[in-house]
Each structure stands twice: as structure tokens, then as C-alpha cells.
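After this come two complexes, each holding chain A, first together with chain B and then together with chain C.
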Partner chain A sequence: MALSTQEGSGDSHYVLNVRLDNAKNVSNLLKAIHFKETATVFASSMGLKVTVEDAKCIQANAFIQEGVFHEFTIKEEQLTFKINLTVLLECLTIFGSTSFPGVTTSLKMCYAGYGCPLVLILEEDGVLTDCNIKTLEADEVLDFNFCSSNVVNKIIMKSECLKEAFNELDMSSDILEILMSPDAPYFRLSTFGNSGSTHSDFPKDSDMVESFQCSQTQTNRYKISLLKPSVKALGHSTRVSIRTDNRGFLSLQYMIKNEDGQICFVEYYCVPDEDLDEPDH
Partner chain B sequence: MKCVIPGVNIKVFGRAIHSLSKIGEEIYFEPQEDGLSLKTVNSSRSAYSCFLFAPSFFQDYDDGSGQIDSQDGEDNGLRCKITVKSCLTVFRSMSTIEKTVERCKITLNMDDSRLVFMLYCKHGIVKTHNLAFIECETLQAVFSKDLTPNVLTAPARLLCDVVMNFQTNQEEVSLILSPEKVSFKNYIEDEPDPNKVMHTELCLQPEEFDNCQVGVDTEVTFCLKELRAILAFAEVVGLPVSLHFETAGRPIVLSISSDASFEANFVLATLADAQTQTSGSQHPRSQLPSSSRYDMASATEISGPTTTQEEEDMLDDDMDDEMLGHDETMPSYTPSLQLDDLTATAPIRKPAPSRNRQGSPQPSTSRLSEQTERQTPTIPHRTTGGEQFASPVIPNQNTNTKPMRIDVSLLEEDDDDEEEEEAVPGTPPSKKFRSMFFGSQASTCTQLSQSVAPVLACDTDDED
Partner chain C sequence: MRFRGKLVEIGCIHHFTRVIGTVSKLIKQCVLRITPANWYFILSEKLVNGGVQIWCDLPQGHFFDEYAMEGVCQEANEIYLELAPENLVKALKTAQNAKWIKIKLTKKNTPYLTVEVDLPTLSAHSRTVVHDIPVYVVPRRLWPEYEEPKLPDFDVSIVMPQLKLLRNIVDKMKNLSNYVALSANQNGEMKLMVETDMVSVSTHFRDLLNPAVNRGDDSEEPDPEVFSEARIDIRKLAQFLVGQQINYTRVICNIVHRRVVHFLLLHDDVSLQYFMPVVAS
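So, the complex of A and B:
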């Protein structure tokens, strides 16, 4: 469904001009990283990267590649701005999240450059909404320096079973301990809460595990409050890749399929908890 | 102890935990020779529930008594309790559990003092929960459901449909039984004005029940919350519920059983009705601030210790009230009894939970006996024959024959509490409902008092 707004006229001063027929393809990805109010948006000819961070310890990135959009024009090498993600998501879902078959919200999004608002024009069934969202000065984002060459352990599994494990995490525990090992118990998630400890073991030969490449036994602890938001991404995803590097940094990559069958990625990076004390179970 | 629940029975077990969780704060795990029993009692001791899962319910069952015997010659297997909260972490999402869990193994890890639940799920995933537990004595309410004159058996669905009609904030429901009909009515307190609240009554024909045995026309009032918890379970397992009851003030027993594999019994206190049944109706020791009676009681409690004269006046007033406005018997008369209780209990709360109160030496002893003496003439039953004067304590004894006296006592549990130095549960009994356990507790008190405080024992001796 095409936007009824005239194209061309008045669009020339925008440095970023994108259009797509199903705003959901963008909003679902943004929801997967929506655990903080503000997000930093990076635009390049490759597409958009939206970054959300918390406590200088966790970072989530949503990659919306250029191919997701029906029209994607950028006049500069790279554009960066910060925006209120909550407001952006509210605008994107302004027609509601329930969709009738065949009815989608089309979106046109423009940005005129530093200091200018992000302009959204949404249309569904002939109803048009015009939104202007103020942009903020972009801060520097964290660089976790997570190189695939330093990856020690890597597991790719279907999200389904991990979803359940994450949803049932005992939140009275401060930390989530992740064990990855070439030997039993292979992959274990543990919490140490008020009522006792809980372990979820995933054998490497489970049909949920698609790839198991663990070279050494590693037990790392992560703040559960930091990792819990990743359950949002998990919920949307079909597959997840769990990686740890030699420093114990954690990378969670989620494969999310949109309604048009395109594959997008969301990733979370998390630093390990410094506390090296033995678990008190 | 070790038991393995097969996948098909996980649902029942999990739902049982959920149902227990709606009643009490702790779940007592007791592996016995005849099966694993899960029990709980609510904080006010007005509701008790017990599930017994027979060995045939399990794929593998070992109560562990053999091991313990060999180790230290104890005759009983370990009994422990775990908090409902921690137990729910295991069975939180029943829909997922029903879908994914293939079997569940429960073991006791004595080395780390953990009760271990291992859920073997699909795709080879294993979830292990190591739960902290507290060793404890057995929890046992003594009740008999076989001797009650009234028995109703109904499909869970029928009762669910009935209960559904009451508002969610409705606390108590009355069951009125007569040979012609069975009706459920929301129980309305005297305050606020009963004319200003909604009354709901549902009448059922005896034919609608699988079994409807009416021995005595009666009206019993009990808590809806627990009933809902019971019915939720019964509905999921699709089994009929039997209600065994007698009269107001006597506990109602609800039972659900599936031939060989498990049995569940729930004992609920019923409210003793002031108008129809004064005896056994007053429930002393209200500790719930929500009850107006409590307010009165606490007021007396405060004034009591300081001025005995006032207190006596008050007692007089109470009695007058009772004689004048019989409708108000409960509220007006109770305070004096509560006074008796509370003043005595307060100073010695920790070391000696309430049931010891009369027997324990404490500052207020003399005053206490004074009160008791004052009460004696009114308590009477035999002396004056006026039922309406009956105190809550004595009447229970009077009405109960010896074997029945301990109908629903949680005495053993009380012992346990004592041993562990737990104070009597913080949020006590809802006002009126305590009657059920109180009756039995009272009898213990009096028994105790016989030995420890002869003065107090006087009236009991008379009674017996």
C-alpha cells in the first residue's frame, strides 16, 4: 500500500528519507531492545542501527538493514541522533497493534539533519498520522570490543526453550550464572534466590540445540536485572546464538523473522559480574 | 526419600501445589509409607488442607524411612516444610509444565539440606530446583468426615458455577441445607448496614447433587477463598467434591478423591452463628484488625491491665448487653473473653503460644482468675441453662463429647511451632472463624490449666 502523500515535493531537504509498507517490521525490532527510554540511531547506506544501553554494562542493538525498507535514501555517510524510543514506538503503533489480514500501517520517515525532529507519516486504511519527534544530541555508545576471534564458546539454539527458561528466572536471585562447557552439563543457567538454587540444563544433543561449539568450560555470572530485558528479544526471535569471549563478555544474538519473511538481527552484549565468590548454594 | 511423578500426573501434582498455595504460606512435605502427603494450614488456623498421593500415583516411590531407620533409628521419615513461594517457583506456569515436563523427580538432599525437584522436560532439558526447607513435626488436623450427618457430593463444575456468582471480594459464603433444597448465600456481616449490600442466593435441588444426605437442617458459613482454591483443583482434575458437615461452628470437610492414586481433604472452620447457636459461637482472640469486635477487644485489653475496676464494669456491661440485645451477642460479649485471652497471651507470647496462656504464670494471673470467676456464673450451661450465656470456651467442650472434642485440633502443629519458637502466625485468624480450632485449643488450655493453675481449672473441673 502506497502512501498517499506526494513524493518528491519538499522531500529534497531531508538527509534521510525512508519508506516501508509495514511499520510493524520496524516496531517489532525496536520493541526487542526497548528496555530504556532513549535510543541512539545510526543511519548509513547499510540501513539503521538502533542502540540502547544501560548502566554502562549492557547494550542492545537492533539492525534494520536497508532491504527492509522499500525506499531508503541517505545523503550523508552516517547520521547519528538520539531519540525517545518510547515515543517513537508509540507513534509507530499509533494505529494499534492488532492487525487485520491485509491491512498494514505504511510508514514514511524523514530526518532533515542535526537538530531537526524525526518526521513520521503513518497511514492505515486512508487514515493519516503525522508525527514529529524531537531528536537529541547523540552520546558516545559503548564499544564492547567483542571480536569473533576471541569467542571461546558458542551455542546456537531455538529460542523456544530458552524463552521458557528466561521467563521463569527466579528474580529474587541477583545474578544469572551461565555455564558453557564441552563436557556435561554443557549449557546450564543457574540462579541463586531466596528459596534456593535453580539450574536449567540443556544437553548439547538436544534437538533444540542447532550448533554447539564450546572449547572450554566457562562459568560466568551476569546481573539478572541487566539480562532480563533480553527476554523481549527472545520473545520475537526464532533462533538465538549465545557466545562468550575470553573475558567472559556475553553476546546474545537473536534472529527475528519479520512478516515479510526477511531476517533481521538484534544483539545484546553484557559484561560479566565482577564478584568471583563461590555461589552460596 | 525419592519419588518420581510421571508426566501424566504432573498436572494433578502441580495443581495441588497451586491449590495449597492459595490456602497457606508453607507446604508440609511428609513422605509416609502410604504415600507422600502435602499439607498446609492457613495463618489463622481456620483452614487446613491435606493431599495424600498414594505410591501408585508415582512412577517410583520410596518414602526413605528405611534409610533413616538404619542411620539413627528414628521411626519416622523426615518431615519438612517449604514456603509456598519457593514451591511455586517450580510449578509456576502450569501450562508450560503440562506441555513440556515428562517426569518430575523429588528427592531429599540431606547433605545440603535441600529438597530437590528435577523436572525432566522435552528436548532433554532438565530443570533442577534446590529448595531450602525447614525440618518440622507433622501437621495434623484431627477431623472425622465419616460421622457427619450431612453429606453433599457434587461435580466440581456444579459448585464452580455456584461460586462464580459471588463477587470476588465476597469473603464468606453460607450453605443452607434442608431436605427440600440446598442453597448458597453470600454471608453478610452486620456492618455496614446489611440492607445496603447486595445479597446473592442460589438454590439447588437435591437432585442436582450426586449425593445429598441431609441429617440435620443447618446453615454453615465458611470462607469463600479456600472454597475457590479447592474447587479450582477439583475442576482441573475433574473429580466430584464431597462436603461433610454438621452445624454452624463445626468444621466442614471437603474431600476429593481419585480411587487409588490420591486423596485430598480440606477442613474449613465454619462461622458459629450468634442468633441460632450461641454456644461455641463466640470466637475469642480475634486478632484481625478488620473486625469491629477486635477493636473493642483491643480497647479493653489496653484498659484492662491498668484498672481492674473498669474492666469489671465493662464485663458487667457486656453481660448486660448480651442479655438485652441478643442480636448483638457476639460483638458485645466477646471482648470480655478476648480480654481474658489477650491480656494473658501478650506478655508470654514468645515462649508459650496462646494455648498455654492460662496455664503459664504471668503478671495478670490474679486478675485473670478474677475474670474467670466472674465469668463462671454466666458460662453455665448447666447452672443457668441459658445457652445464650455460654462462653466460647466452655461451650465447645460441653457440646463436644470427648472424642469429638479434638475434632479439628491442630495441636501437634502447635507443638511444632513451640519447638521452633515461632510466634503464633502473625496474621491471625479472621475473627469468627477461629472457632474451629479454638474449640480444641480451648480444651487444651483447660486441660493444661488443670495441672498448672488450679484456680483457673475450677470451672473446667466443674464442667467435666
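So, the complex of A and C:
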């Protein structure tokens, strides 16, 4: 019977066993990368990394470091499995996302190894929910090979101003052009849609820009449909770091503060739109 | 056949609106039975259409200041009308600060339930709004179809947990599966469970009350630990939970194992009964 899982005596056969007092700290991070049905979970002694990919062109990673959990035991070096993220999120927020103030949902999550389901036990106000989610065969995830030594341009800014720009993107445009440059206009987002082109410029000395390190002028185009999902992460985050490397690959890192004041990161990688790519500078 | 009633107290008007609002969220078309003592809202679906039955009774003295009626004949002093409760709600929405509301059965080519609302004004002129709600008079030979459903012998009777919490959980479960297994025992435990290929989720409630059940002398007391189960349409359950606008004093769930779930919602004198048959697996 399902209730027997709460006894805690049978925990020894789990290779992964985590516990935290506020399930929201995990669910909010996962919501930030939830643009596809399935996700790949990597667990190591450092914590959990959850990866979502689409069209071999975009990848989102949520890092939930071990410190976020109140208890984190892993018996193997690394564990990998794929899981239905939509189902996982429904389970994590089963008691409703708008809980009463002061009431949090505690979470215990266990995994017994390859082929076994992910077991979640959630508790709020004495009400208990058991979930058994099937795990799937993990696929290989993309390696974008994005090294910080190859970074050409980097801007760190507050999320709110970018959020506005992203929410108002002209979705009739196929692409979003990002210009980063040490000279004016410094940082520009452009779209080319049915009703005309738009340009949003961000001056480098704006209050919103916290760090501006651009070494050369770079204009890259990205598929807007691929970048649009990153708005989810933008909404949850306080700061965002925008980086491009010498190949024009884009990295967006979002800093997300959870309810306990801990800082977690979510990162998006996106490839530039190839056929429109200019010969290079 | 005559009917006229008048509501004056603003608290009564609001409460009356909420009760009918709740009914309208549950059913599109229902039968209103008017007797000298009560108003009843009745739905009795054919088994092929889902077999849901609703029985809501309102003591007229609780709401109406003036109440006069004359049934089809002396020995059957009742009126049965078919109407869309939503229309009644729309009429009552305009009456939220009315001085009084008169509800009459009128005939203008076809029968109507006429709602006359007197709204407050600053000048001496009165401001009256009249709504005519089309109704269909149910002939006497069809009355037996709308008799109060007989209560079966329940295996389990249990007081439901907070409806708001239950609604959150059922709303999430609704995204996972089309059916939910609702089970409870005489030991104050209730369980909601959904199962699909991908996931199984079960929520457990403990320390609930079991109201006393009147059993025939011949049947023995069941084992309090044994769960009685009913598999029901989760969308119907969600709809039932979402529509509730009244703060009930008590909500009781009765289960006949693998047959039917009966919800009894009590508020002062108003009571609402909802029968949901099980869905075969």
C-alpha cells in the first residue's frame, strides 16, 4: 500500500533521496525551463541539473544545487533519467500554487535506480500526496561547447527591463536580431515583422545595466520561436547575463532567488540562425 | 396556476443569488419545483447521459417575505417549471442593491417567470427592471421523473476536507487523467487517486469525521479500515467543486462501493445533493 512509503524504513534501497521543506523552490525553477514535455535529469553530489531541449537548437538548464535541499543523499556518482516535466510539475504543485501564507508544501523525492519510477511524497497541512512518475530512457543531450574564454560580449542587467522588451516582441517576425557593441547603440534588439521593423536600444550607462563588457561589434540572428520560451525564466529571475561567443552562440543566464533567499541559476543556450549569418567580421 | 413571491431583505437577496449561482454552475437546464413550503432545483439525467442527479431544496420562508401560490389543482398544489438557472442568475445580478424583488409566473403568449427588480433612486421616481425568463411548464404526467432520489445504503459516510484545498488538488489531477478514484473508510480517511501510463498520484486525507450512519438492524457494522471506492469522471467533480459559492456548514460525502458517490452540502436550511454514478473502468 502506498502509505507504507512514509514510514521511512524502506529508504535504504533508494540511490537518490532528497528532502526539502518548500517544494516551490524546485517547482519555480522547473517552470522556468518548461517549454517542452520531457526533461532529462542529472543528479550528482553537487545537486540536480534538469535539461530541456528543442529542435537541437536550444537548450535550457536548471541547476538546483545540493544546498537548496535539507537532505541530499546520492549513492552513485551520477544518475541520469528522462521524465515527463509537465507531469512532474503538476505533481509538485498538486496543492495549488497559491497556498496560504505560512503554509508550505514539503517534498521528499526518491529514485531507486535505472528503470524505477521517481517517487514523490508531498505534504501540506497534514494532507499527504504520493506520486509515482515513470522515468524514461535518457537521450544524449547537446553539448554547446560554450566556453567562457571564447565569450566576446557580455552584459549583465536587471531582468525587469528585458522582460518588457521580450513580452512585446513582434511574433510575426521569424527572427530576433541581437546587436552587442562597444560603440553606440551598444545593445539593440530588432525584429522584422509584417507591420515593420522594431528596434529596442538599451544604453550601456542605464541603471538597469549592471555590467557591460563588449569587446567587438556582433550582430546575430536567432529564431524568435526558440527564444520566446526563455521569457518564462525571465519572469522568475532578478538578473540576467547575456553572452555571445565567437561563433555567435547565445547564452542567457538567469539568477533566480527562491523563497528562502538562496540563489539558483537557469541557463539557456541558443544557436544563431545559420543561413542568414553574415560572413563574419 | 399562480405564483408570486417577494424578496425584501438584502441579505436574503444575496444569499438567494449565491444559491442559484451555485446551481447554475452545475447545470444548464433544470426543473424548478414550487411547493407551498419549498423551492426545489432538480436535475435528473438519464443514465446514458452520465446519470448525474442534483436535488437542491430551499425553504421559501427563509428567503421570501411574501409568497403566494396555487398549484395545478387542489390535490396537486405544486408547479413544475423547466428553465435555465443561468437566466435567473443574470436577472438577480442586477438586483444586488435592490429595494425589493418580485418573482411572478406570467403568461405573455408563452409562460415566463418574471423577475421585477426595484432599484434605489435619488429622485422620487422609482426605477424598475423587469426580466422575463422563458419557462416550460412540465405536464403532470412527467412529474414522477422528478421525484426526490432515494438514498441508497451507503458503505461509507465522511465529512469532506476543505473544498478549496480539494479543488486545487482535483484541478491538478484533471490534467493527468480523465477519471479519479475516490475512496474513504469509516476511520476518517479519504483518498483521491489517479492512475495513467505515466504516473500514479494519490492524495490522502486523515482525521476526518464520520457522521453516524443509520443502518438497518440486519446489516452488521463494516470494518472501519476498509475503503469503499468509486471511480468517477474527474471533470464533473472539478466542475462541481469550482461552482460552489456558498460557505457550507458541512459537506458530507457518501459512497456506495463501486456504485455511486453522493455529496450532501448543508448550509442552514438550504441543502444540495449531488449524485455521481461511477464510471466503469
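For this structure, a couple of remarks:
The criterion applied here is as follows: the second predicted complex is superposed on the first by the 268 of 281 C-alpha atoms of A that agree within 3 Å, B and C clash if a C-alpha of one lies under 4 Å from a C-alpha of the other, contacts with A are read in each partner's own complex, and residues count from 1 in each chain.
We adopt the following convention: contacts are C-beta pairs under 8 Å (C-beta built on N, C-alpha and C of every residue); 3 or more make two chains touch, one makes a residue touch a chain.
Being a predicted model, the structure only gives us computed values, none of them experimental.
When both complexes are superposed on chain A, chain B and chain C sit side by side without a clash.
Touch criterion met: A:Ser195 reaches chain B, while chain C stays clear of it. By the touch criterion defined above, A:Met208 reaches chain B but does not reach chain C.
Within the superposed three-chain model, A:Pro101 lies out of touch with both chain B and chain C [touch as defined at top].
Residue contacts after overlaying the shared chain place A:Gly261 against neither chain B nor chain C. Residue contacts after overlaying the shared chain place A:Thr129 against chain C, while chain B stays out of touching range. The superposed model places chain B and chain C at 60 degrees from each other around the C-alpha centre of chain A, with the value given to the nearest 10. Touch criterion met: A:Glu90 reaches chain C, while chain B stays clear of it.
Closest approach of chain B to chain C, taken over C-alpha atoms in the A-based superposition, is 6 Å.
In the superposition on chain A, no residue of chain A contacts both chain B and chain C. Across the interface of their complex, chain A is touched by residues 161, 165, 168-169, 171-173, 175-176, 197-207 of chain C.
Of all the residues in chain A, the ones that touch chain C in their complex are 2-3, 84, 86-87, 90-91, 93-96, 125-134. By the touch rule above, chain B contacts chain A in their complex via residues 82-83, 85-86, 89, 92-93, 96, 100, 112, 114, 121, 123-132. Against chain B, the residues of chain A that register as touching in their complex are 161, 164-165, 167-168, 170, 193-203, 205-208, 281.
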